[in-house]
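Next come two complexes, and both contain chain A; in the first it sits with chain B, in the second with chain C.
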Partner chain A sequence: MEPLTWTGAVGAFLNPIFAIIVGLFVIALIVQLVLGLFAPAMTLQANPDGTLAGRGGALGATETAGKYLFLAVIALILVYVIAPLILPYGMVGIIGEMSQRFLPVWIALIVTFTLSIIYRRKLGLYGKLFDSTVGMIGFGIVMFWVFTAVFVGLFDWIATHDYLTQVSGLKNKTPGVPVPEGTVGDIPHYLLGGDNLARDIFSRVVSGSTFVIAIAPLATIFAFMVGITLGLPAGYYGGLLDTVLSFLANLILAFPVILLFYLLVTPEIVQTGIPSYMAAFLFVFPLVFFGVLLNSRYYTQPAKRTAILVPVLGILGWLYLSIINQKGTVIDFLPAWMDLFDITILVVFVSVVFVNAPTVFRIVRGLTLDLRTRDYVAAAQTRGEGAWYIMLWEILPNARGPLIVDFCLRIGYTTILLGTLGFFGLGLSSESPDWGSTINEGRKLLLIFVHPALPPAVALLSLVLGLNLLADGLREESLKD
Partner chain B sequence: MTDQPILEIDKLSISFFTRLREIPAVMDFSATVMPGEALGLVGESGCGKSTVALGVMQDLGVNGRIVGGSIKFKGRDLCAMTPEELRDIRGSEIAMIYQEPMASLNPAMKIGKQLMEVPMIHEGVSEKEAYARALEVVTDVKLPDPERMLKSYPHQLSGGQQQRIVIAMALMSKPSLLILDEPTTALDVTVEAAVVELVKDLGKKYGTSMLFISHNLGLVLETCDRICVMYSGEAVERGSIEDVFDEMQHPYTQALFRSIPLPGADKNARPLVAIPGNFPLPHERPDGCNFGPRCDYFEAGRCDAGFIPMEPVPGNDRHQSRCLKFQEIDWNAPLQASETTEKPEPGPVVLKMDNLKKYYEVAANALFGGGDKKVVKANETLSFEARESETLAIVGESGCGKSTFAKVLMGLETATEGQILLDNQSIGDTAIESRDTKTVADIQMVFQNPFDTLNPSMTVGRQIMRALEIFGVGVNDTERRDRMLQLLDLVKLPRAFADRMPRQLSGGQKQRVGIARAFAGDARIVVADEPVSALDVSVQAAVTDLLMEIQREHKTTLLFISHDLSIVRYLSDRVMVMYLGHVVELGSTDQVFSPPYHPYTEALLSAVPIADTSVKKKHIVLEGDIPSAMNPPSGCPFQTRCGWKSKVAGGLCEKEVPPVRMLAEGHQIKCHLSDADLSDMEPVIQIAAE
Partner chain C sequence: MGLFILRRLGVMILTALCLTFIVFWLTNLGPNLEKLAKTQGNARMSDEAVVSWLENRGYSQPLPVKYGQWLGVLPGYVIEGTDRETRARCATPGQPIEEASSFCGILQGDWGFSTVFKDEVSSIVATRLGLTGKLMLAVMLVMVPGALIIGVLAGMREGSRTDRSLSTVSIITTATPEYVSGVILIAALATKAFIEWDTIPFKGTATAAMDDANFENFFLPVITIALYGMGYIARMTRASMTEVMTAQYIRTARLKGVSFPKIVLKHALRNALIAPFTVIMLQFPWLLNGVVIVETLFNYKGFGWVLVQAAGNNDIELLLGVSIVSVFVVLITQLISDIGYVFLNPRIRIS
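Up next, the complex of A and B:
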């Protein structure tokens, strides 16, 4: 087999056109920027039909030109993405084949966006996201990785080879290298080359996404449960409770995060059981949260309350016990048939929740301080509502805007944190495909071979960027209400 | 002075552009302000009066644009000016005073610096001269100790003082036009009266023309020469104050006057008439007359057919009306006798306050809690009774302790001393958690701010049903839902509102939901904390009438907390006037509103603007601000501002808190004045013989 080039046979014809158009677009942008410095301030001019008129003159012309050139660039990129779906294998090179591999993701994205845009007026804040370009781009990037993770994790679709198989002779080979005859795999090439253990980098990167997408949101949710359950009473009651909790939060925030992680994964510390006890403590908060949430809402109707509370707490309790119960640690009391799963990376999970919760706590506390002075809170107080009902049903729902935005941002931070943990090899097995570990492995020969370290780094960057853009879009749209 | 107008607005149209559509905010608006003249711009919120002001300032933001007409300032077209020319005019020739004084001052700059900036930027004068000018203007706005004022930061001043500084700043460069956008809405009544007085005097002194924007007709009557009434983006009537107030020629103006409580209105014999329907949204305005759908004189096929121009009213000076039928309507026809109701007899005493005291301890040092503790006396020896189906109004300015009293009554705080007796059971020491459901359901509250009273993330129906759940009404959800729908009927809201979110409701509708929620457990005592002060005039009348009607049906005791004496006179049976935690006067409405008064009541009465040209008021302006409750004056709480203090011999007012005196049956007063002095008092409000 021939090695694949980046853009293949089609590229030989398309690349020059692409280069020219991108060049023109950049020139138009620069001209527009320069002209814009000297142009008079734009005033709104209305057309007779009530729409706004554009700007005339040279600046207006470059603005229009720039717009069309940008569209042309987008159209060409789409050609690179769509052409390989109809052309035979290898015609559009590595890029084409990667696009081909991501076909299920493209379809899922198109379906998601079409449905969301059609029904956006009925979808609340999520629907409003589709009014903001920035938010849409962010959402697109995030969903790209979410779908990738789902399809790789559940159906094993996108990855081309097994991410652990080493193929002799492919160590540190550059992108597009053909695999030897008889190698198990969907295609006869390593699309992004091989790493220093001769494994397929492309497959490792897409498999690594499952790790991040599964852990980051989950850990963030736990951190929010802890932060909310403690932040609400601290803000609502104030006083000594607030002082103590805030002090503890500051204490945790003041401790160097990396050092904390190193401590938590040290075998001696694990043996003392500290991480297990921390897990037992931190993961009880969701139980408390949902228990109090439902009880405060339904306590006036005891029959209904019991009917709802018992199954919810039963399931949550079982999950809780399964999570904290680990073979070979200090907490190991459940019979094997009851232990649903063993989380190998419990330590990572605990660490991430532990360092994120105090920040959430401070945000929730601040929001509560503001919201508790509202009249509807006073109205709830004057009809004799309990404190937890007021906190969870009157205050929390109205704090949701900033909390959702922070949630998106925080998943991004958690992703970075997971990358860092992987990079230092903390709590993860050495062949784990997660992005942090992969970057760390690529780092060792970075001066000679760049290609093993770059793809996971780009993946990490794009996901966090997507989350930040999504958060920006949400913030912008939630303020417009 | 020449006869050239200072400001000439001709057929002005302003639109805001959004992604979806163009929203016309002001249409075909014309107005002229002559030198030294004050023009009042009146209308409900959303009618475009502030947009006109911003249009004059050419400060419409990125989305706003003047789409037609012209604004001429001293003959020059403001729309055609360059940004540099506009910058030159703003602040020096045209000055604007905004509603929120704290938001108009830079909190990080000393007052003096901010004032001195104005002449230094516009006239390039030296720092020394600017300081001298600042000192002079601050003296002009009657602030005590001007030099210290100039050295302080905005947060060190009270709201009234801040607004005076804003006025001073506007006057620094001796502008020819002063635009005031609701300048006193955020202030207390007595402070408002003083500020209005000041603006009037300074307008005369400097010969400044004024554009006075307000929703308060009474205030406009006191300050302006001419008035322009706006409705839904259009001027509907304009003319001199006398013409418009006495010979109104537009149905909206008439409806507006019928919906505000003027002296003589009575909740039983002559109730207020609310304007039916709702204010139209800017993009949902009807064809033809905007007021058509709510108008009593509406004639289909005529009033809704195309544009209606402003027509001059013959015989009057520059008096115009935007109504096709104004010459056909008999404007003097008496109000159709709306249903009059019998005044319900007050029943047995349900609520009794006995010597209620509420003190707060404030630590001097917040961080370590040690040091001296200061005691804030929020309520001082409150004693009164409230009977079934009686309306007791509690009147006073901010900081007088009415909210604290409400909190103690509701059980959110417990009393320091004294008792609250509900049906002869003491509840003053019982916090709300330990009160039984019946007691809690019996005492409920209606809140002030309609935008805050409902939880924004719960449907209206859910919120009422929650109250029903808590009060143990109904056996299951279906029963409660029925009851909730009945409550919506009670407050005259369509049943479909049950599934709406609060943001889909207007302010008045939200307030109705608040009332429905308060009556969920058949409350016997309802504390209404300024329930209508944040609403538009036409909606106020409807909500007030609703409260009265429910009260009659349910024999509720209504404790009506307000600072608006017009509405208090209209709906209450008895009035309690509070000042700095003390009850200074208590009596039936007639007793309180006629002499002899407590000096504070007298000042309050004189401060309330009344939108009636036939009313003659005695003019009493209180000096200074309300003292802080942290540091109350010695002796009588009111002695620092009292105009009658000199009549009491021996400085008694500064030494002793006056005792409670009974003047007549059920009329008590806390004052040192002798009986002779009290009987010498003249009535503050007199209605001239018609």
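Up next, the complex of A and C:
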């Protein structure tokens, strides 16, 4: 087998065109930026006949040029993405084959976007997201990784080789290297080359997405549960409770994160069982949250309350016990048939929740301090509603805007934290395909071989960037209300 | 004002005591001590030997007592061991027990002895802090002016094209953690992977920068840390600038006919920089994270590198020393930011 080049036979005549158009686009962008500093902003001028005309001048002209060049760039990128679906294997090189592998993701993205844009007026804040370009781009990137993680994790679709199999002779080989005859795999090449243990980098990066997509949102949800359950009463009641909780939150926040990780995420600490106790403490908050939430809502209808509360708490309690119950640790009392799953990286999960919770607490507390002086709270108090009802059903829904935005940002931050843990080799096995560990593996030979470290770095960057853009779009749209 | 500072100082000391106690507790947990005994004594020690080794060296005392001794508020132990040798916490090797002082802890300036570097913790921390100080200073010199300029330019005309482009840039930099931007920058600027350099412009390691920092070997680590913090400060500056630009007195100045550059420089800038000041001070703890990552990535043997070494090799005394310094850096910057905010903001100062 011949090694693949980046863009293959098609690229030979497409690449120069692409380079020229991208060059022109960049020039237009820079000109626009420079002009934007000096030239007056584009204004609208009313004509005598009642119509409006844009008075753009040079800035307007570059803007139009920039727009068309941008469309041309997009069109060419689409050619690179779509052409390999029609052309035979290897014609569009590595880029083409990667696009081919991501075919299920492209289809899922197109379906999601079409449906969302059609029904966007009926979908509330989520639908409004599709009015903002930034938000759409962010959402697109995030969903790209979500779909990748789902397809890799559930159906084993996108990865080309097993991410742990080492193929002799492919150690540190550059992208597009052919694998020896008889190697198990969907295609006869390592698309992004081999790493220092001769494993397929492309498969490792897409497999790594499952780790991040599974852990980061879940850990963030737990952190929010803890932060909300403690932050609401701290802000609402104030006084001693607030002082004590704020002091504790500041205490954790004053720790440099890496020091905390180095102290918490070590085999010795796992041996003492501290992470298990912390898990038992932190993960009880969702139970408390949902219990109080439902209880305060249906307090006046005891029959209905019991009917709802018992199954909800039962299921959550079972999940809670299964999470904290782990074989070989201090908390190991459930019989095996009741233990639904074992999380091998409980310590990573716990420490990420632990680091995030105080910041959420501070945000919720601040919002509550602001919102508790509102009229609707006073009205609820006059009606004689309970304190928890006011906190959870009056204040919390009204604080949702900033909280949703912060939720997106915090998933990104959690992704960075998980990457940091991997980068220092803390808590994760060295074979784990997560992006932080892969970057750490790759950086050791970075000055000689660049290709193992870059793909996971770019993947992590794109996911976090997508989440930040999504948060920005959401903030913009929620401010418009 | 005086009362405010005093109260903040009180809270700070309480926080410092709690934090150091937590670190002390975590580093002195059973398995850590067992590992210490096995690395210092003999890797094949029996369990009884480990226990007696720890007992002879005062590690088996109750935790509060050990913490008090380490802090220097309780007299150091003098233990006659099971091996008939008397050891005292405060006796330096070769010194008779009777001559040793009774108190020796952090407060007396005795930071202990590093098992990895075979040196006094205080001297290690001091030299490494110096190196990291150099790095931090360079980072601040790049980051703060850069971030403020970006933020002010973006915030002076909200919603303009400049604003949108610069805001996108700051979002991108905040989304790039140091271990990602460092890897990308090294690949692009310190190897021939992307650009066929005649001579490679930058070095991918900063080991040489410890003695002799120059543009070639110091630029990449500095810019890597600066980029991550820059976006955040720039966004805060932008927010505060846009707020100021909509204020009444700016409108008055515009109506009076003051030119736009003059409004920005004379009227808006000073008020817009109050909020970023706090943010810059609160960035220190984040910079500390960045320093640890970048020093590991670029092999610059400063404070962050020592933290990794101490934690990775179970060097308890050194890790404690490093923790104290970093906790104090964080707390003091918080204090300065609180006081500075009150001091800079006339509305709070007068009330």
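In this text, the second predicted complex is superposed on the first by the 454 of 481 C-alpha atoms of A that agree within 3 Å, B and C clash if a C-alpha of one lies under 4 Å from a C-alpha of the other, contacts with A are read in each partner's own complex, and residues count from 1 in each chain.
The rule we apply is simple: a residue touches a chain if its C-beta (ideal position, glycine included) is under 8 Å from a C-beta of that chain, and two chains touch if they have at least 3 such contacts.
Just so we're clear, the structure is a prediction, and the values are computed from it rather than from any experiment.
**Q** Mind working out whether A:Pro397 is in touch with chain B, chain C, both or neither, as first, second, both or neither?
**A** first
**Q** For A:Thr300, is the partner it touches chain B (first), chain C (second), both, or none of the two (neither)?
**A** first
**Q** Look at A:Glu181 in the shared chain and tell me whether it touches chain B only, chain C only, both, or neither; answer first, second, both or neither.
**A** Neither partner.
**Q** Is the number of chain A residues in contact higher for chain B or for chain C?
**A** Result: the larger residue contact count on chain A belongs to C.
**Q** Using the superposition on chain A described above, determine whether A:Glu385 touches chain B (first), chain C (second), both, or neither.
**A** first
**Q** Using the superposition on chain A described above, determine whether A:Leu469 touches chain B (first), chain C (second), both, or neither.
**A** Only chain C is touched by A:Leu469; chain B is not.
**Q** In the superposed arrangement, which partner chain does A:Leu447 touch: chain B (first), chain C (second), both, or neither?
**A** Touch partner of A:Leu447: chain C, not chain B.
**Q** Could you tell me if A:Glu2 is touching chain B, chain C, both of them or neither one (first, second, both, neither)?
**A** A:Glu2 contacts neither chain B nor chain C.
**Q** Can you list the residues of chain A that meet both chain B and chain C?
**A** 41
**Q** Can you check the complex and tell me which residues of chain A touch chain C?
**A** Those residues of chain A that touch chain C are 29, 32-33, 36-37, 41, 134, 247, 250-251, 253-259, 262-264, 266-269, 271-272, 274, 412, 416, 419-420, 423-424, 436, 439-440, 442-443, 446-447, 450-451, 453-454, 457-458, 460-461, 464-465, 467-469, 472.
**Q** Contact residues on chain C for chain A in the complex?
**A** 11, 15, 18-19, 23, 26-27, 29-32, 35, 153, 157, 160-162, 165, 168, 171-172, 174-177, 179-180, 183-184, 186-187, 190-191, 193, 204-205, 285, 288-289, 292-293, 296-297, 304, 307-308, 311-312, 314, 319, 322-323, 326-327, 330-331, 334
**Q** Using the touch definition from the top, list the residues of chain B that touch chain A in their complex.
**A** 15, 17, 21-22, 62-65, 67, 83, 410-412, 432-433, 435, 437, 440-441, 443-445, 447-449, 452-458, 467, 469-472, 503, 514, 517, 520-521
**Q** What part of chain A is in contact with chain B in the complex they form?
**A** 41, 43-46, 50, 52, 300-301, 374-376, 378-379, 381-385, 393-394, 397-398, 400, 481
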